[in-house]
Amino acid sequence: MAANSASPRQGQRGGQPILEMRGITKRFPGVVALDGVSFDVRAGEVHALVGENGAGKSTLMKILGGAYAPDEGTLLLDGRPVSFSHPWEAQRQGISIIYQEFNLLPYRTVAENIFLGREPLRRGLVDYGRLHRDTAHLLARLGVEQWIEPDTLVKDLPVAHQQMVEIAKALSFSSKVLVMDEPTAALTDREVDLLMGLVRQLRDEGLAIVYISHRFKEIFAIADRITVLKDGRKVGTVDASEVTPDDLIRMMIGRPLDAFYPEYARPEDIGSPLLELAGAGNDVLDDINLTVRAGEIVGVAGLQGSGRTELLRAIFGIQPFTRGTMRVRGQEVRVRSPLEAVRLRMGFLTENRKEEGLALLQPVRDNTLLVHRALRPLLARADGVLSVAQLTGRVDLRAAGLHQEVQYLSGGNQQKVVLAKWLAVDADVLLFSDPTRGIDVNAKAGIHRLIRSLARSGKAILMASSDLPEVIGMSDRILVMWDGRIYGELPAGATEAEIMALATGQRKGGRSA
Amino acid sequence: MVRRVPPIFVVLLAICVWISLLNPRFATVPGFMSFLMRAAPAAILAAGQLFVIVAGGFDLSVGSLITLVVLGSSMLIDGDPANTAWVIAVMFLIGIAVGVFNGAVTSWLKVPSFITTLGMLVTLKGFALLWTGGAPRGFLPNNFRVFGRNRLTGVPLLDEVPYAVIILLVVAVVATYLLHRTGWGKQLIALGDNPRAARLSGVPTAKVRILAFVASATSAVIAGILLGGFSGVSTNVGDGQELGAISAAVLGGAKLLGGRGTMPGAIAGALTLQALFTLLNLLGWPKPLRDGLQGVIIIGAVAYTAWRERRS
Amino acid sequence: MQRKEMVALVLAAALLLSAMPQAGVAQRVSEFWDPDEFARQMALLEMEPVGPPDKPWLQALDPTWVDTSQYKKDPPWTICFSNAGLFNPWRVVGFTTMQAAVEANPLIKEFIVLDAEGRDEKQIADIADLVASGRCDLLIVSPMTTAALTPAVERAAQQLPVIVFDRGVNTRAPITFISPIGGYAFGAQGARFIAEQLPNGGKVLALRISPGVDVLETRWSAAERIFAETNLEIIGVEFTNDDRAVAKSIVTDYLLRYGQIDAVWMDAGATTVAVLEAFEDLGYEIPVFTGEDQQDVLVKWYEEGLTGIAPTYPTFQWRTAVEAAVMVLSGQPIPGPEWKLPQPTITNETLAQYLQYNMPPQHYALCGCEDLPGYPQRWGGR
Amino acid sequence: MSGYVIRKPGRAGLPPAFLFLAGAFVAAWVLVSLFGRGQFLSAANISNIFVRSVALGIVAVGQSFAILGGSIDLSVAHLISVTAVMASFIMQGDPANIARAIVVVAAIGLGVGLLNGLIITKLRVNALIATLGTGLFMQGLLSTSFQNFAGAVAPEFEVLAYGTWGPVPIPVVVLLGVVALGALVMHRTRFGARLYAVGGHAEVARLSGLRTDRVLIGAHIIASLSAVLTGLFIAARLGAGAPWVGQDGVYDLESIAAVVVGGTALAGGRGGVLGTLAGVLIFSIMDSMFNQLGTGAFLKQVFRGFIIIAAVASYSVRSREEVG
C-alpha cells in the first residue's frame, strides 16, 4: 500500500478546510493552556501539530474532540460553526481521536473496545459473528492480525499492541477528520513504518489527518503542513517542504536547544554510589545492572513498554524486584513496598502527579509534609518542626499560600510540591519519571534547573523520560531500555539517533564518553 | 481545616432558634442538655464514622456492634454491679477486634470496606442474637446505665450535666485532635483523597486504615454503652444507626469516598439531624414523614455541596 | 453571596416545613374492629374456665370440642413447628417453655423447628418445606402475619393436622386455633383502668409495637373505642417497634411537646420500663400506665408503689400448643376450632403474687413453666 | 506472552461464582446427609431452594445492572414495599384491576429509576446517598399513607407466586426468565456493552463517545423495574402488600451481597447476572441447609456475613490497588 504513495495532493491543497478552529482559548486553574489558537485541516492532507510538552497540543485536540469546552473561540466544520459539549457529538460529526493516554477498557475484548457503543446488530442484538469479522478485517488492514485476536482481553495485550487497537478503534469510525496524538510513542520502527503507510493510504482516501508527534522523522515523512504551538500560542503554520528540522526546533523553543538545559555534572560533583543494582529482575524486567552516584543524573530512555517506568517502580518497591541485589548507600537492601523505599530515603516523582503524587483536595502544607508524617509515629502532632515555607521556597513554589488546595495549582507548581515533599525528608535517591510532562515551557526549565541543583547538592537522580531532548539535555549518562532490559549506555550529549537505535533493539551495547 | 464556617452550623443554629420559639424550654440549660444527651450517641457514632469516611471507606458494622455491646453487656453483667468495670473493658476489646478485622480484611484482602462491614453487620447481629438466644437476657445495673441516663450534679453555672454530654464533649475534642492535629489524621485524609499517592509517599496504608476502623468501632462501643444506659436492653437498639452516622457525616460536609471532612462538621451534622427531628416533632409531623424528609435533606445537602464545588 | 444563599435556603425550608400539612394522619376505621367479637371477649373475661385449676394452660373458656380420632397415630411422633421468629422476649420465653414441654413428653421423638426470622415470605417457604419433607406427623404454626400466612396454612392443612396459636389465620382449616381471650379484652382492660383513674380531659399517650399484627391491632382498636367514649385527650398514637430506645425517645418528645402526660396506654410491656424511665429522667411523676407480666415491670411497679394495670397475654399458650398436639395425635377430643385460654389481669391488689425475684427482668410471670424440666435456670433464673 | 486468554464473547463461560455454588451445594448435601434430617437432593427440596430465591433473585438481577455500571441502589427495598402495597391496594382483590395495577407500579418504578439516575448523574450526588435518600423519602410517604396490609391481590394474580407450569413452579420460571433477559441485555445488546464500559472506566467511555449519563440512568431504571417485579411477586405471595415487606426482607443490602458474592465488582465494569443468580442460590442453599440441620437462624446469620466477605475476598485478594 505504501507503493502508490506518489499521491495526487495538489488537487486538495487549495481546497476549503474541512475543519477550522478559530481563536481557541482555554484556561485551567492557574494556567492558560491555549491562548487564541487557530488551526485548520483539509481533506486529503496530513497536518502535523508540533510543540514542546505542555505547549497545548493535547488540550487543543481535546477541545476538538468535545472532551473540553473552549472558553473562547469557534469551531467550524465544513464551514458551519459547531460546538461539542460531549465527545459523542464530535464523533457523530465525523471527528475521531486517538488520545495520548490509553482509552481502552482492560477487561473487555479487542473487538468490544473497538466497536464500543457501535456494535453491529442483528435483530436488535449484538451480532458477535460480525463484530468478530469486522474487527479481524480492521486488524488485517493494519497488518497486525497475526498478533492481535479480536477476542483477546485488552489487559492481556502488550502496550504496543494496545496502541494498535487504539488506532483500529479510531479507524473504525470512518470519520472525516482523524486526530492522532503521539500514536507511535510505544511502537517499534517496523510498526511505525506500517502506521506511516496506513496514514498515507487514509490521506489518499480523502481523510483529513491531524498528526501530533515529537519525532521529526515521521513528521517530515508524512506531513503536508506543520503547525507549531508554544506556550499555548500558535507560532505559525508552514509547508513541510519549506522548513528544516532546525527551523522547527527554533520555532518550538524560541532559542537554541543547549541554552535550554542546565550544565552537566562536573567531575567534582560526583560522589560515592548511592544506588546500585546487580542482576535485578521481576516479571517484566531482567538482568538490570546499574549504578547511580551522588551528584549525577542518570537518564533512562526507552519506548513505552520498554520497561523504563517499570524499572523505577521496581526500585521503589511498587512492583518489587524478585531477584538480584540492590544496594542503597552501599548497604544491601530489599525494598518490597514504597514504605520501605521511603524509609531508605528514596523519593519518587512521576508524570501522573494527580494520580500518584498529590492529594489534590489537601492544601500545599499537608502535601508537603505527607512523607515526613509517614515516617513519624502515627499519633505524633501533625505540624512537627519543619518549615514548610522554607521547603516551598527552595523549590520556588508559586502558590496563593500554604493553605491553597493543590488542585488549584498549575502543573509545574504541583510538581514542585511533590519535590518539596521529598526534600522534607531529605531523600537523596530520587527517581523521576517524565518529571515535566504536561508542564509549560518556562516551568519546565525551572524544574530542570531544580533537578540539576538537587544533583549538585549530592543527590543521586535516576530520571526516566519519554522526552528524548529532555533525557539528552539533562543526563550525565543515559541508559537505554528495550524489552525489559538495559540495552546499552550512552554518555552525556548522545544523539537522538543513537538512543533510538538502542531503544528499538536494533543495536546492543552503547558507547562510553 | 476549612477556614470559613461550614453551612451546617448555620443550619443547626437556625433549627435550634426555631425550636426555641416553639418550645422555650429548649433554650434553657436543662432543656438543651437533654437535647444534647439524646443526640450524644449519634454524634459520637458520626465522629467515629468520619475517620473511616475521610479515608475513603464505609463502616456499616457499627449498628450491629452497638447491639452486640448492649446485649453482651447485659449477658455478662447480669445485674451484678461488680461486673460492670471488666465487662466494659471487654466490650472495648471486642470493639477493637472488630475494627482490626474490618481494616485488615479491607487492606490486605482488598475487599471494599462497604462489603467487609456489610458482612460484619450481618455476622455481628447474628452473633449477638446467638449469644442471647434472640431476646434480651440479664439486665444492666445502674452503675452501667449511669453513663447514658444520669446527670452529674453540682456543676458550676450549669447545675446538672448529663454524663453523656460530658462523654460527647471528650470524644469530640479527642476526635478533632486525632483527625486534624496528628500525623495519623492527616495521613488518613490523604489516603482517602488519593490512595495511590499516599502509598507512594510511604504512608503505611494498612496501619492507618485499620486504626480508622478501630476508631469507628470504638465510637460504636461508646455509643452502645450510652444507648444501653439510656433505655436498657433491646435487640434492635443498633438497627439503622450506621446509615444515620453516614448521613450525619455527609451533612457535615464529608465527602464520600474520602479526602474531605471535618470533625466539628460531622458532629454538627448529627446534632442537626437530631434537632431536625425534634423540630418536626414539635411541628406535629408523624414519624414516617420525618424519616422521609431526612432522605430529601441528605440528597439536597450533597447536591448543594457538589454544585458549590463545581462552581468554584 | 454565600450568606445570602444560606438565608434564602433556610427561609425556603422554613416555609416548606410549616406549610406541610399534617398529612395522612387521618384515622381510618380499623378493619380490625369487630363489635361482636369485642362483646364476646368481654363476656369471656367474666367466665370461669373448665379444666385443671392448677394448670391454666390446659384450661379452656366456653369450649366446643372437636373430634380428632382420624389423626390418631402410634407414638413416638415427630412434631414440626413453623415459628414466626424469636424477635422478642415473649417469644423466647414461650419457645423455651415449648421446648421444655416437648422434652418432658417421651412420646415425642423429634421436634423440628423452622424459624422464619420475622419474614412472612420465609415462613411461607418454611411451611412448604416442612410439608414437603414428609416427616411431620403434625404441624404447629405460630404465624407472622395473619393475612399473609392464611394460604400457606390452608395448603398445609390439606396434608397434615395443623394447630395454630398466638396470631391467627383467616381460615378454619387448622384443627384448632389456640389463643388467650384476645386483644380486645387486653386493650379494653387497660383503657378502662385509665378511664377510671384519670380526670376529665386527662392526656393519654398510646404506644403500640407495630401495625398489622392481629393480636396487637385488636388491643388498640378496643382501647380506641373505649377512649372515644370518654373525654380524655389522646395526644398521640405511636409505634415503638418494640424498641426501648425508640419508646423512651417518643415519650421524651411528647413530654417536651405537651409538658404533661397523665397516662400511657401500651399494647405490650416490653418497653414499659423504658417509658416510665423517660418520666423519671425528665423529673416528672410517673403517670398511670398499662404494662404486662414481665418481671421488670412488676418489680418497678411494686417497689415504687405505682398505679398501673397489667393485662396479660400468657406465654403458657406455647405449652398449650404442644399439649394440644399430643392430644390430637392420641385421638383425644380437644377444644376447637377455637381454644380460648384464660387471660388473667394483674392489678395493684394481685401484683405481689406474681413477683419472682429469682427470675430475669424479661421473664413473663405467666409462663406456666414452673413444673417443667430445667426450671428456673433454663429460663435464665437463679 | 505465551498465548493470550481467549474469551468468546456472548458465550462467556460460567463465572467463578458457580464454583462456590457447586461447593456450597456439595457441602450442604454432605452435611445434611450426615447430620441432618430429610433429603437434600429431593425434587421438592431443590424446587424449594429455587422458590426461596425468587424474590431476592429478581431484585438482585436489577441491582447487578446498577453495580455493574459503578453505581448502587439502596432504594430497592423501599420500592418493593411501595409496589407491593400499591399493587394490592389498586387490585382490591378484583382481577379486572390487575392490568391497571401493573401499569401503575411499572410507572412508579420507571419514575423512581429515572429520579435516582437523574439525581446521580445531573446533581452529581453519590449513588449511595441519592438512593438512600429516595428510599427514605418513598418509605416516609408510604408509611404515612398506609400502616398495614392494604387491599388484596386478585386470586388470579397469585398464580405468579403459587402456580406451576408442569412440574415447575411459575415463580421459578419467572426468575429464570428474568435472569435470561438480564443476561441477554447485558451480553447481547449495545446497552449492555455500554454499561460495562461506563462501569469499567467512565472517562474512557465518555471519550469513546458514549453518553454515560443515559447509560447510568438506564441501569437505574432496570434496577427499579426489577424491584417492582419483586414487589409484585411478594404481593402475590402474601396475598397483599404491607409497607414493611421490603425492609423486613432487607432486600437492599441482601441484593448487594448477592451481586458481589456472584462476582460482580463493587466498583463496576466486571461481572454479570449469571454470577448474581449463583450468589442468590448460594444464600438459598445455606437457608435450606441450616433449616435441615436444625441449627437456629442466628448461627446462619453469623456464617452468612463471613461468606459474603470470603467470597469477595477470593475475587479481590490478588488486586494490587488500594481499596477503601
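Note that the chains are named A, B, C and D in the order they appear, and that numbering of residues resets to 1 at the start of each chain.
Following the convention adopted for this analysis, contacts are C-beta pairs under 8 Å (C-beta built on N, C-alpha and C of every residue); 3 or more make two chains touch, one makes a residue touch a chain.
Remember, it's a predicted structure, so these values are computed and weren't measured experimentally.
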Furthest chain, CA centroid comparison against chain B: A
Chain centre separation in whole Å, for chain D relative to chain A (CA means): 44
For chain B paired with chain D, centre-to-centre distance based on mean C-alpha positions, whole Å: 30
Chain C and chain D, separation of their C-alpha mean positions in angstrom: 34
Per-residue overlap in chain A, given as positions that touch at least 2 other chains: none
Residues of chain D whose C-beta touches two or more other chains: 144, 296
Residues of chain C touching at least two other chains: 23-25, 85-86
Pairwise chain contacts, counting only pairs that touch as defined: A-B, A-D, B-C, B-D, C-D
Chain C partner contacts - residues on chain B that touch it in the complex: 4, 7, 10-11, 14, 18, 23, 25-26, 31, 34, 38, 79, 129, 133-139, 149, 227, 230-237, 239, 278-287, 289, 293, 304
Touch list for chain D against partner chain B, complex: 119, 123-126, 128-130, 132-144, 253, 256-257, 260, 266-267, 296, 298-309, 312-313, 316-319, 321-324
For the chain C and chain B complex, residues of the former touching the latter: 2, 6, 9-10, 14, 17-18, 20, 22-25, 85-93, 96, 238-239, 241-245, 247-249, 252-253, 256-257, 270-271, 273-274, 277, 281-282, 296, 360-362, 380
Interfacial residue positions of chain D with respect to chain A in the complex: 1, 4-10, 184, 187-190, 192-194, 196-197, 200-201, 204-211, 269-270, 320
Chain D-touching residues of chain A, taken from the complex the two chains share: 65, 67, 86-88, 90-92, 97, 99, 103-109, 111-112, 116-119, 121, 124-126, 128, 131, 149, 151-153, 156-158, 169, 319
